Each structure stands twice: as structure tokens, then as C-alpha cells.
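Right, I'll just put the structure down here and ask away after.
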Amino acid sequence: MSTAKFFSSPWRTLGFFLLILITLIWLLPFLTALLTSVRTNDDILTQGFIAIPKEWTLQNFVTAWNRGGLHKYLPNSFIITIPALFATLLLSSLSAYALARFKFPGNRLLFFLYVGGTMLPFQVLLLPVFRLTDALGLYDTHLGLILFHTAFQLGFCTFLLRNYMRTVPGEILEAARIDGCGEFRIWAQIMMPLTLPALAALATLEFTWIFNDYLWAIVLLRTDALKPVTAGLATLQGQYVTDWTVIVAGALIATVPTVLLFIFLQRYFIEGLTLGATK
Amino acid sequence: MLRSKKLVPYYFLIVPLLLYLGWVIGPMLYTFYLSLTKWDGISAPVFRGLANYERLFRDPIFFTSLKNNLRWIISFITIPVVAGLGLALALNRAIPGAKFFKASFYSPLVLSLVVCGLIWSWMYHPAGGLINSVLRAVGLENLARGWLSDEKTVMWAIIAVAVWRQVGYVMVLYLAGLQGVDPQLIDAAKVDGANSWNTFRHVILPLLTPVTTIVVVISIIDSLRAFDLVSVMTRGGPYNSSSVLANFMYIEAFNNYKMGYAAAISVILFFISAVFIFIYLWRVMQDELEY
Amino acid sequence: MKKTLFAVVAMAMILSLALAACGPTPTPQIIEKTVEVTKEVVVTKEVVVTKEVEVEKPVDRRVVIYNSYASDPAPRAADEALVKMFEEAHPDIEVQHSTVAHEDFKQAIRAYLTASTPPDVMTWFAGNRARFFIDKGLIMDISDVWEQEGWNEDYPAGFRALSTVNDKQYFLPTSWYWWAVYYRKDIFEQYNLQEPQTWEEFLQVCETLKANGITPLTIGTKYPWTAAAWFDYLNMRVNGPEFHINLMLGKEAYNDPRVLKVFTDYWAPLIENGYFIDDPAAYTWSEALQFMVDGSSAMYLMGDFLRDSYPADQVGKIDFFRFPVIDPAMPIGEDAPTDGFFIAAQSQHPEDAKTFLAFLGSVEAQQYNADVLGRLPTNLKVDTSKFTPVQQKGLELIKGADYVAQFYDRDTTPEMAERGMSAFSEFWANPAKIQAILEQLELERQEIFAEE
């Protein structure tokens, strides 16, 4: 439909402007964040929370980068997030395949375990997991954190991938079996490509979650040199005094990787979040 | 040969399952045990039977939190689901700038929760906040209030922020679902003389049922685990009127170091969740697709 | 596009893909291989980690791990500067300094202390909060450092007592700050007001300000510790420090008529007369500061960190006075929270940690903090002659006190503090319900202290 044709109907035009209005309201907090990132604390104190700043400054971004230590924490975030992401997707697709395509005793029980494990408020696991990590000698290492993230995200990913894999028509798999393909090859060369949209969707969501975690990072890591960007940003919050403008600026910087990934995977994301609902 | 074939699914499962058992299920069972003890996180846990649970059922904060979680669930399985579906339907056609609209509604999810909480506290601010300013400007002064300091409004104010974030998420789920709806089916319905409402009600909605199921399951999980927004916006205050179970648990565990008590709260939360998982699994059982 | 993406995702699966060869190979063999692959992945990651550790620990320097909760901007900068000063003086020791957000540190400390490799030196609160860990044997006895550095003489007896359990020193108190009622000098001058000494004078000041359209007191009780300051002071002024501290220790009841009197006779009238700003629960303490900055409010009961947050160009407009005396018969109690350092009992580098601690308690380090942050030193040898009038005044304030408390949430147990502060904010919203609130709080107290 061409733009001219679209606006030929008054109702459609009215609806469109209504949509614009709602969208702007929806974006207000985001715009406020952008505005805040170029103001100073004194400006907020004297002019109020939402106001056009008397002077604009990019200093907050510089401060966040230096004092928040973003330059040294950002690589850590990737060192933690990327292996955890791939390990999660790999392992959950393995277990999802087993749960989706095989009938075996305990299938439902295991599925319940996977879903149930995601139900517990995970903060309660902090100390038990810390003890386990310490006992294994992995305290204050990236590996300890990666292992935990991988394990913890397995539940949700297995739940979604299993549902997705259930929707793949059985005939395709059957045909491959008749051709003499082993189950692992069916998984790798047939199931995985078919699951690609769901994997892309999960990759985006999981990246956002793992990348944004900091609760586990501060409990499982002790050394500054190993910490991810979220922990660095958190140190900008003092007991009494907090540079909110710097935190907002830092948080905006930290959203960049997530946004880039979102843009890169978006097509698949939109398709992929079907999550086994269609086909 | 037959025996080895039976073992195939276990080969797939062994590595992920070991990891999961060790790092999630193990600590989870340990939490069940801890809920029967007094533990400060340092000394050895002391077994105390059901004392934590007895105390929990005398604790007014527990019931406030429970009520708030229910409010959260009810809000989450209605407003974002309807709004998200509506947006998905509206944006799933050739509208100028559709990509921009989709991205805008998704944007709240990308912003860090701490910043979301901060900005919304300013929106709700009684004196300089945007919401009260607007209310005053349109002559509704008597509606203006300290949204986050009034025990009657605080929970709803926080839930509203959560809904604001959730709508984009649900919209994307439904957009995805709509990609799978065959346009021919809709055309066929139109040819049969069905109006838009009837097409939606009798053709599109039933086709979206699997998405709706997933959306509802995710919404319930998210409502029960609600934590971050409360934690950054009010920390459960004023006087616990916006406390939710996960936040209550967290304060008991890491502010008060009552690990056993916190574990008991988690266990209760787990059993509430389990009810919903069983309903869901019961639905899964109905699914008779061959393996 | 789709192909590119597939390539990306496929990279992750590449090892598995390589092994998943087609053909009549019996399944079990393939499985064995897959398990191997997963192991390989783990090994690679370990190598990455080992490498990093090597990079950050040069062999020739010994290491002290130091975790700090000084995350407020100014103290954090001073903290980092001190570490640098120490490293320059001791080139053979490297301090691995990590700053953790203040609230997060309080949560993480139990993990730190029970880890097999805890940080060596940590920041913490003096008093009860440190005592808890000392009793569990998690904090190292540093009597030798106290002896060797001459701190037994150089530190006032009060601070020494705060660090001592069974005649042994475990803690090094280094910084403290006072609480007081801060006020706008220009507003007081405008209405011809003097710093009030007594409760009557204080009420008079409030009344005058209110009559002139200025809200006398600002406060932000969104996080209710600010309200706890009012409780601390009113209770100490009305019932005396001794009763107050016994209440903190769970030895007195919250439904005691003396506690009730604090609320009904002193606190509630302030609220009901409109001396506080409207809707304080909507603001954090620093958001409420705005009302003092813009002059719509004139006074704020707060710790000295208030001056750090006040706009730098206007901080000259404020001054402070001692919380007014209510019952002249009662000894004067003040809140002066003290922070400091300790060494973990399981420290892997105890000798170097002690060297670092000795530096933190030295005149040099404390002088630096006093000069840069305007904080009050604990070491008597620090030269106070160059102190600003504000610092001198604060020092006098505390010297004139008969008893120094730490603060509500440090003097009582964390759980009791949580419930108590929540009760104060509930009282603020419903002053008439105070009796019922205190009855409930007393039930909580019994529950909490029965468990201790």
C-alpha cells in the first residue's frame, strides 16, 4: 500500500496519529534518560528532574568511561557472556532435542525439572552456588560465572527449544533416519538449521540477560580486574551520594552491544520468537 | 542395538543434565533443606523443623507480599497481553514507519532496570514529576499525589512500569505468531462475509492460541519472580506496602542474613509456581503428537 | 543474510557438527566423542582464565587484596589515592583494590569472609556489625599492629574500646562523621532566628519559619533510615542514651510507655503541625535536599555527608547545630557512625596486609582524608589546627557528647533495624496508629531476639 493510499482513509489517518501519540508517550522515559545523560547533578538539583539543561555536557559519558571503568570492564562482559551464551544454546538444544523427539521414561519428569528450576527466585541460590563454586576452586574466576550462567539459563532455553522442536514435522526426521543418519547428525544437520529462528531469538534474549547480570558477578567474583561492566556501573552508586547522571550515561553506553545485537538478529528475532507456535 | 537405541536420548541429555543438576537442582534441594534451619550464611545451619514456616504465617509482610504478587499476576495476564496483541495486529500491516514503531515499543526492554526505576521515580515525583504536572495542567489537581509514597497507589504504580516494559515483549511474541497466520485464511473469511471482528475472533485468535499459552506462562513466571523494579524503585516501601515475595526474600536473606527464613519464602514461592507448572504440563500431556 | 547468520550460529556448533558424521557408524561411538568435545571446550576456557591471572600478578611483587565499599565519589577518589601512596612507599607490594557498591558490599561480605581465598583487607562498620564477625572468628586479631604502631596511645579510648573484644584489638576505626541539624544561614538571618539550644526554642524556630511560608524541616523517607535519625535523637534526648542503647540491644520493649512518649509527645506534633515537608516518603534523602537548596525548606537533620551533595557554589550558605536538648537531666548522646578496616582471619597474606593496615591507620593517611574529604580523623596525632571552622565545630559537637551511638541500623540487629525503620515510616503516614504500630513492633522484637 502506498503512503498516499494509506492516508486516503480519514480513519486510518486518525489511527495513525493516535499511534504516533502513544509511541511518543511510550518513548518519554527513554528520552528523559537521554536528556539526563547530558545534564549535571547540580543542574538537576536546581532545575528539577525533567528540564532543559542550562548547559549541555558530555562529561558524564567520559566519567562513566573512566571512573566507572567501562573500558576495562567491557571486555570482561564479553569474556563472560559469549561463552556462556554459546554453551547455553548448545547444551539446551541437545537436551531439548531429547525431550522433544524421544519417548523415554522420565521425559515428563525431566521437563518438569527444567521448567521448575526456572521458577525458584534465583537470588536464594546465591550462597549455595557460591559455596559450590568455592569448593570447586572456581571462586573469583570467569569460568565459575560462565558455568553458573550456562546452567541456570538451561531451564528456560530447554523449555522454549523443546516447544519449538516439537513443531518440526516428524516426516523430515523419519526420512533422514531411513537414509541411515545417526541421531546426532539429524540433530546437527536437520534439527539445528530448522531451529535457527528460535536460536536467534534466544541468543538475543539470553545475551541481554547474561550481559546485564551483576548480582552473580559480585558474589562469584572478588577481583575488580575480572568484573563485568554492570558491576563497574554499580560502583558508581555510593552509600549516600550517587552520580545519577553518570549512571544513566554509563547505562546508555552499556546498552550499545545489546542494541547492535538486536539490530543484527532482528529479522530472525521477529520470526524466531514464534517459539514453536506456528508451522 | 535395541538397547543402545533406547539409550540415545540419555546421550543427548547427559552433559546438560549433569550441569543442571549440579548447579541448579542441587542448590535448589539444598534450599529446601535450609528452609528447615536457622542459618546466618556463615556458621553451620541449625535444624529447626518448621519454625520458619510457622513464623512466616504470622508475618504480616508475607501476606502483603502474597497479595501484591497476585495483583501483579492479574495485571500481567491481562493488560500487556491485550495491548501487545492489539499493537501486533496494528503493526502487522503496511503502515508507514512500522519498523520505527516496533522498535519504540520494544525499547523499554533494552534500558537497564536501574535507570528505568530512576526515570520513573521522577515521572511519579509528587512535586516536579511529569504525571502530576500534567494532571494539574488539565485541572485534575485532586488526582495528583505521591504515587510511590501512598500505600494505596504504590504497588499499581510499579506494576504500571512493569507493564510498560512487558507490552513490547508480548507484542514481539504476537508479531512472531502472526507471521505464521496464513493470509489466505483471512481472505477466505472475508470472502465469506465475516467482518473484521469476526475474522479476528474466529480465525486469527484461535490460530494464535499456542502463542497465547506461552505468553501467559511467561507472564506468570515473570510476575512471581518480580524483583528488580520493586528493588530499585521502593525496596518494598513505604512500610512494605509494595513488597513482593522475591524482594521480601532478598531482604531477609541479604540484609537481615536470615537465610533459613528466606529459604522458606522461596519454597512457598516455588510451590505457588508449581501449581501453574502443573496446569501447563497437564496441557502439554494433552498434546498427543508422536515423538 | 540468512546464510551469514547460519554461519555465525554454526560456529558455536562447529565442533559438534564436525563430529556428527553421517553413515552407519554405531551411535554410541559418536556419543563418546561428543562428550570429549564438551570437555575440550571447558579446558580451553580454563586456559584463558589462567592467562589472565598471570597478566595481573607480576611475580616480583607481593599482593594484598583490598575490597572497599567506599563507592561515593569523593571517598572513592581518596581511597584510590591512598592505595597509590602506599604502593609508592612499598614498591614490593601490589594492592589489588576493588571497589564494590556500598549496598552490594554488605551482601557480598559473607561470601568474601567464607571464601577459601578471602580479600585480605576490607572496609566495614565499627561496633556491633564488626562484633558479629569477630565472634564467628572471621576477623584477625591485630593487637600486634595496635601495639607496634602505638595506636593504644594515639587513639582515643572510645575508639579503642570500639575495636576491642576480650582485650584484643580486631578493628581499625579510621573515619567518622557527625549528625546534626543543618540549616540555611541566610533564611535564619532573614527572620532573625538563632540556633536553637532547647526544644522550646526549636519549636519556636519552626513556628516562625512556618508563619513565613517556609517549611521548617525537609526529609526524604523513601528509604526510611533518615526517619531513624529522628528516632535516635528524640529517644536519646527524651529517655537518655542508656535506655536507647538497651532498646537497640533488645533489652527494652518497644511498647514501653517511654517509647510511646517519644512518638506521641514529640515526634507526632512536628508532623501534625506541618513542620515537615509534604509527602517525604516520595523522596530519597538527596532528592529532599532540593527543598533546602531552593529555599522552600530551611533545616535538615542529616549526617555531614550532606555537604558533599550540596551544590558546590552554595555550600557556604549552610551551617549546623546540635540536636536541641529536651530533658536537661539526660546525658547528651550523639550519632557518629564510624567506619574502618579489618583483616580477614583467613587472609593469605597476613604480614603484608598488616603493613597496609598500619599505613591506613597512620597519621599520614588520616591527615590526607581529613584534608581532602574534611572527615574527622580518629588518630589524635593528626594535626587539627588547620581544620576548617566547620570541622572544628563538628569536632566540638562530638567532644561535648556524653555518649556516642553508631546509628539505629548499626546499633541494633539488621533485621530489627529493617522492621523498626519500616514502622517509623508507617507512623509517619498514620501518626494516630502509633500504639498499634509499636505493639506489632514489639511482637517482632520478641520474635527476632528470641532467635539470637
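Brief remarks on what is shown
All chains are identified by letter, namely A, B and C, in their written order; residue positions are counted from 1 within each chain.
By our rule, a contact is a pair of C-beta atoms (placed from the backbone, for glycine too) under 8 Å apart; a residue touches a chain by one contact, two chains touch by 3 or more.
Just so we're clear, the structure is a prediction, and the values are computed from it rather than from any experiment.
Taken pairwise by the contact criterion, the protein chains are fully connected, each one touching every other.
When chain pairs are compared by contacting C-beta pairs, A-B ranks highest.
For this pair, chain A with chain B, the centres built from the Cα atoms lie 15 Å apart. With centres taken as mean Cα positions, chain C sits 33 Å from chain A.
For chain A, residues that reach two or more other chains under the stated contact definition are 48, 126-127, 183, 187.
Looking at chain C, residues 27, 31, 34, 107, 110, 114 sit in touch with two or more other chains.
Looking at chain B, one finds that residues 8, 15, 41, 125, 254 touch two or more other chains. Residues 1-2, 5-6, 9-10, 12-13, 16-17, 19-25, 27, 30-31, 34, 41-42, 45-46, 48-49, 52, 56, 65, 67, 69, 71-76, 96-104, 107-108, 110-112, 114-119, 285-286, 289-290, 293-294, 303, 305, 308-309, 311-313 of chain C touch chain A in their complex. Taken together, the chain A residues at the contact with chain C in this complex read 42, 45-46, 48, 67, 79, 83, 86-87, 89-90, 126-127, 130-131, 134, 137, 139-143, 146, 180-185, 187-189, 192-193, 196, 199-200, 203, 218-219, 222-227, 231, 234-243, 265, 267-268.
Against chain C, in their complex, chain B makes its touches with residues 4-5, 7-8, 11, 14-15, 38, 40-43, 55, 58, 60, 124-126, 145-149, 151, 234-235, 237-240, 251-252, 254-258.
Partner chain B is touched in their complex by these residues of chain A: 1, 3, 6, 15-16, 19, 23, 26-30, 32-33, 36, 48-50, 91-92, 94-95, 97-104, 107-108, 110-129, 132, 147-148, 150-152, 154-155, 158, 163, 166, 170, 183, 187, 201, 208, 212, 230, 233, 244, 247-248, 251-252, 254-255, 258-259, 262, 269-279. Interface of chain C with chain B (complex): residues 26-28, 31, 34-35, 38, 106-107, 110, 113-114, 133, 136, 138, 221-224, 278-283, 287, 413-415, 418, 422-423, 425-426, 429, 440, 447, 451.
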